[in-house]
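In the two complexes below, subunit A is the common chain; its partner is subunit B in one and subunit C in the other.
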Partner chain A sequence: MISTVYAVLFYLATILLVVGVGMRVWKYATTPVPLNIVVSPAPRTKRGVVFRMFREVIFFESLFKSNKWIWIFAYLFHWGMLIVLLRHLRYFTLNTWWWVEIISPIGRLMAFAMLAGLLGLWARRVLQERIRYISNPSDHLMLALLVGIAASGALMSYVTHTDIIMVKAYMLGLLRFRIGDMPTDPILMVHLGLVALLMIIFPISKLLHVPGVFFAPSRTLVDNAREKRRVSKWARNLPPLPEGIPANEEA
Partner chain B sequence: MAPLDDKKDVPMFSDYPQQIPKIECGASLDTDTFKAYPEHNEALGFPGELLPNWKEVAIAKMGELAKKNRAFQVYLDACVKCGACTDKCQYFLGTSDPKNMPVARQDLLRSVYRRYFTFAGKYFPWLVGARDLTKEVLDEWYTYYHQCSQCRRCAVACPYGIDTAEISMAAREILDSVGVGQKYCNEIIAKLKKTGNNLGLNPKALRATLEDMEEDLLDETGVEVKIPLDVKGADILLITPSADFFAEPHIEGLMGYAKVFHSAGVSWTLSSYASEAANFGMFIGSYENMREVSWRIRQAAKDLGVKRIIFGECGHAWRVAYSFLNTLAGPFDFLDQNYPIPQHILEFTLDEIESGRLKIDKSRNDEHVVTFHDSCNVARGSAMGDKEGGQFDVPRAVLKAVCNNFHDMERDTIRENTFCCGGGGGLLTDDLMDLRIKGAKPRMTALKQVADEHGVNKMVAICAICKTQFAKVMPKYGFDMDTIQSAHQLVANAVILDGQETEDDAE
Partner chain C sequence: MRKLLVSVLMLAALLASPGFAEGLLPDIPKAMGEPHPEGNEWWRVNHPALLMHSRDQTVIEGIRDVDASIKTCVACHAVEGPDAAPVTYESPKHICRACHDYVAVKIDCFQCHNSRPEEADWAAVLPSLGGTPESLRAYLERISQ
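After this line comes the complex of A and B, so read on.
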């Protein structure tokens, strides 16, 4: 029964996540950029832009330059989460890949990096008056959600272990559209419930920063405006203006 | 200039490094700029007065902009409220009003966007800070989107490059579309459409002014340096801000360009039809108006049959010229493709200096200890030369070539981190004087530091707005008005023209 409820929940969450983010990405990709508004100094070549975006995504370069505290916490959180997620691949692959085995012990520790980062960000959100001012309830809840996921995961990892083999069998089954049995440990149920919730809210929340970062014209355009025109479709339909100076207006 | 020690009682500097103030809600709420009269709005194609169905129109406009402009859509969605931008805006640093923190400024509009366009905002408005569009909200937009100079300092700080300037422009466009325009911008654009420049200067008056300048140049150098107007068949069309025709220290800059052109031996001309470099269409976020204003330059270039277009010292103008002109008024296939289209006067001058064609006596600027204020829109919205960062290096190369004493201000306040002068983006109006003074504080603080440590007594800017703004607010901070200089003013001091009589003991 519980296994079925979670199965339905995960299928639903996956559909919402994929369709939701897909629609958003489609919208971003098809919305025109009528003017070159890259924030300079900016690279003059496509390759330069790829390198710039690589630095932004891998190192959070701009954030590093603008605020060291946020950067440290953001870095701990995001990289912690990335490695944790890679370690999670073992629940979704029949024969765990060798490199997932290798990072697995690190991944287990990364729960703490993630938690430290999240709690640091949360502390700033509460204690730093400027950030408190710009925070809405959803900003706190988002952190609570992620702390909940990380804490429940760490509990399973370090305190009340769950039957990992069974989790794996269940997840592999879901991938093949077969609903098996999952362990009914309360902590695991909390963990998975929150994960499903995260997936559901992803396309309707600020987590849209993930696709957004790749579509922000201020960073992703090439500084080539003097050489390259960009006239968007709607601008092409504007009424034509006269060539040369109309006789009655001549000086 | 007067020694700074005499002016110890200036109360407004913050300590260096720059202090971040505690927030003070509503501190800047009463700083409002005058609204446009119906005739100004109508001249730009907007409704004259607040529409009865303004709410529906505003929301529809917001939806339209989200469809027409990817930046607007992505920026509204992507902000994670990390707070990295909160201490970056000179208007927040100067006023302490939290709504002048870039992300809070965006949120004034984002909250309404969420209410009408997002799932969370429609069904759980309290959760995501979504709110209905009311008259109070509209007024708040008017107030705080006219306390943003669209300088993009926040965009550099943001991990996603979210550019509050884009949001401000969109907000002003929405306000205009419901009949709430700003007097300063809309009146000026209306004037330009009539006369070709922001001042409403007619060709006759313009010609007389230029003749006066030619006389001054003759008196000073003994050489007949011309400032040609409407000369058909000239090679170069110079587009320069109209402030260069009448304001100080702008005029000195224009006389500097004239000397450089004279010495280079090129044929050049101004145009009375396009006697304005600045494009206020950008300030109000109106693509249509920006295109119309830009188009005049194309018309003038065709009409005069020139081969090149060069822009004078003007910040926002150079952003529009460098980044948008080709799109808005191109293609410029009728111009000489061997030169950048358009070119900046500093690029031209640097070429002349580096090739050795321009004769320079640096020692003529020895009394000046110079620093450079990177104008925000040049720094973050354009480029010069062919290398990344040329917009910082070209002006500095020119300054260092014409004077011996140059010191940069603190790294955090120059180049891509430069502050706005406090008067950019349509705020250079007397009704916003209080805001302008406060917005200049971070720059004045950085200047005071180099003045104290290196004896800097001149600050160069390459923007008509910066020059006017600083000439006005510097005295409030205890600096002489003429501390602010045009780049080509220093060039002009140092240039020696062929046949110019030089008094060696003059300096």
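After this line comes the complex of A and C, so read on.
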């Protein structure tokens, strides 16, 4: 019974995540950018922009330049989460990939990097008055949700284990549309429930910065306003100018 | 939304089948001897803690006469290889590796410990060499003294 409830929950959450993020990305991609609003100093070639985005995504460059403390905690959290997530691939592949096996021991420790980063970011929202003032409930709740996921996961790794053989069989079954039995340890149920919740609210949350960073015109545009005139789509279809007004503004 | 929920529920009911685990679980070799009274599920979850506990008793507290040791584990759970000998940890068929490979968990027990009984005792633990539950029990009693 519980296994079926969780299976339905995960199928629903997956649909909402994929469709929801897809709709958001479509919206981002089709939103008009009438002006070149890139933040300078910015690269003046396409290749330069790709390199800048690479630095932004891998090193969080703009955050590093603006605030070292946030950068440290954000970096700990994001990279910890990435390695922890990659480690979880062992539950979704019948024959675990060799590189997942290699990072597995590191991934086990990375739960603490995740937690340290999250708690640091949270402490900032609570202890720094200026930040506390501008923090919305959703800012705190997102952090609470992520702390809950990381803490319940670390608990299963370090304190009270669950039957991961059956967890893996259950997950492999879900991927093949076959619903089996999952262990009903409370911590596992909390962990999976919170993950499903995260998947569901992802497309309506601030976590949309994940796809969003690739659609930020202040970063993804080329600084070539002098070389190339940017004409938005609607401006291309304007009726011809009345007689007497010079058409060429490039004087 | 309700339609979606109903259809997903119906789909789930359709998918819930008893034969789900076919091919999805590791091939866990059967052990000779009597099953653990605590049940397999309990052992799957708790054997690391027990091994660590035994290790602490032996290494830190110096208590040598613990009931269970790795020696007894690998006796009942000996898996016969193609050469009429119990496989070592080198083989993916070894009882520990059956599951540990499946979930990519590395263990270092057998860097020091023997992963199978001594050659003189193979006959007691392998059915094909004449091993029976009785010979196994006799062997276990001998090594636990």
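Observations
The criterion applied here is as follows: the second predicted complex is superposed on the first by the 236 of 251 C-alpha atoms of A that agree within 3 Å, B and C clash if a C-alpha of one lies under 4 Å from a C-alpha of the other, contacts with A are read in each partner's own complex, and residues count from 1 in each chain.
Here is the rule we go by: a residue touches a chain if its C-beta (ideal position, glycine included) is under 8 Å from a C-beta of that chain, and two chains touch if they have at least 3 such contacts.
Keep in mind the model is a prediction, meaning the values are calculated, not measured.
Using the contact criterion defined above for the overlaid structures, shared-chain residue A:Pro105 touches subunit C, although it does not reach subunit B. Contact with neither subunit B nor subunit C is seen for A:Met53 once the two complexes are overlaid on the shared chain. For subunit A, the partner touching the most residues, choosing from subunit B and subunit C, is B.
Contacts of A:Arg219 after superposition on the shared chain: subunit B is touched, whereas subunit C is not.
Contacts of A:Leu197 after superposition on the shared chain: neither subunit B nor subunit C is touched. Within the superposed three-chain model, A:Ile72 lies out of touch with both subunit B and subunit C [touch as defined at top].
Touch criterion met: A:Pro43 reaches subunit B, while subunit C stays clear of it.
Legend: residue contacts after superposition of the two complexes on their common chain; A:Arg178 is shown touching subunit C, with no touch to subunit B. When both complexes are overlaid on chain A, the residue A:Leu86 reaches neither subunit B nor subunit C. Against subunit B, the residues of subunit A that register as touching in their complex are 24, 27-28, 31-44, 48, 56, 60, 62-63, 65-67, 70, 74, 121, 124-125, 128-131, 133-139, 141, 204-206, 208-209, 212-213, 215-219, 223, 225-232, 234-235, 238, 241-245, 249-251. Residues of subunit B that touch subunit A in their complex: 20, 22-23, 66-71, 73-75, 77-88, 98, 101, 103-104, 107, 118-120, 126-129, 152, 155-163, 166, 196, 203, 230, 272-273, 287-288, 291-292, 295, 298-300, 302-303, 322-324, 326-328, 330-331, 340-342, 379-383, 386, 388-389, 391-392, 416.
Put simply, subunit C touches subunit A in their complex at residues 4-5, 8-9, 11-13, 15-17, 19-21, 24-26, 41, 44-46, 48-49, 99, 101-106. Listed in rising order, the residues of subunit A touching subunit C in the complex are 3-4, 7-8, 11-12, 15, 90-91, 94, 96, 100-101, 104-105, 161-166, 168-169, 172-173, 176-180, 183.
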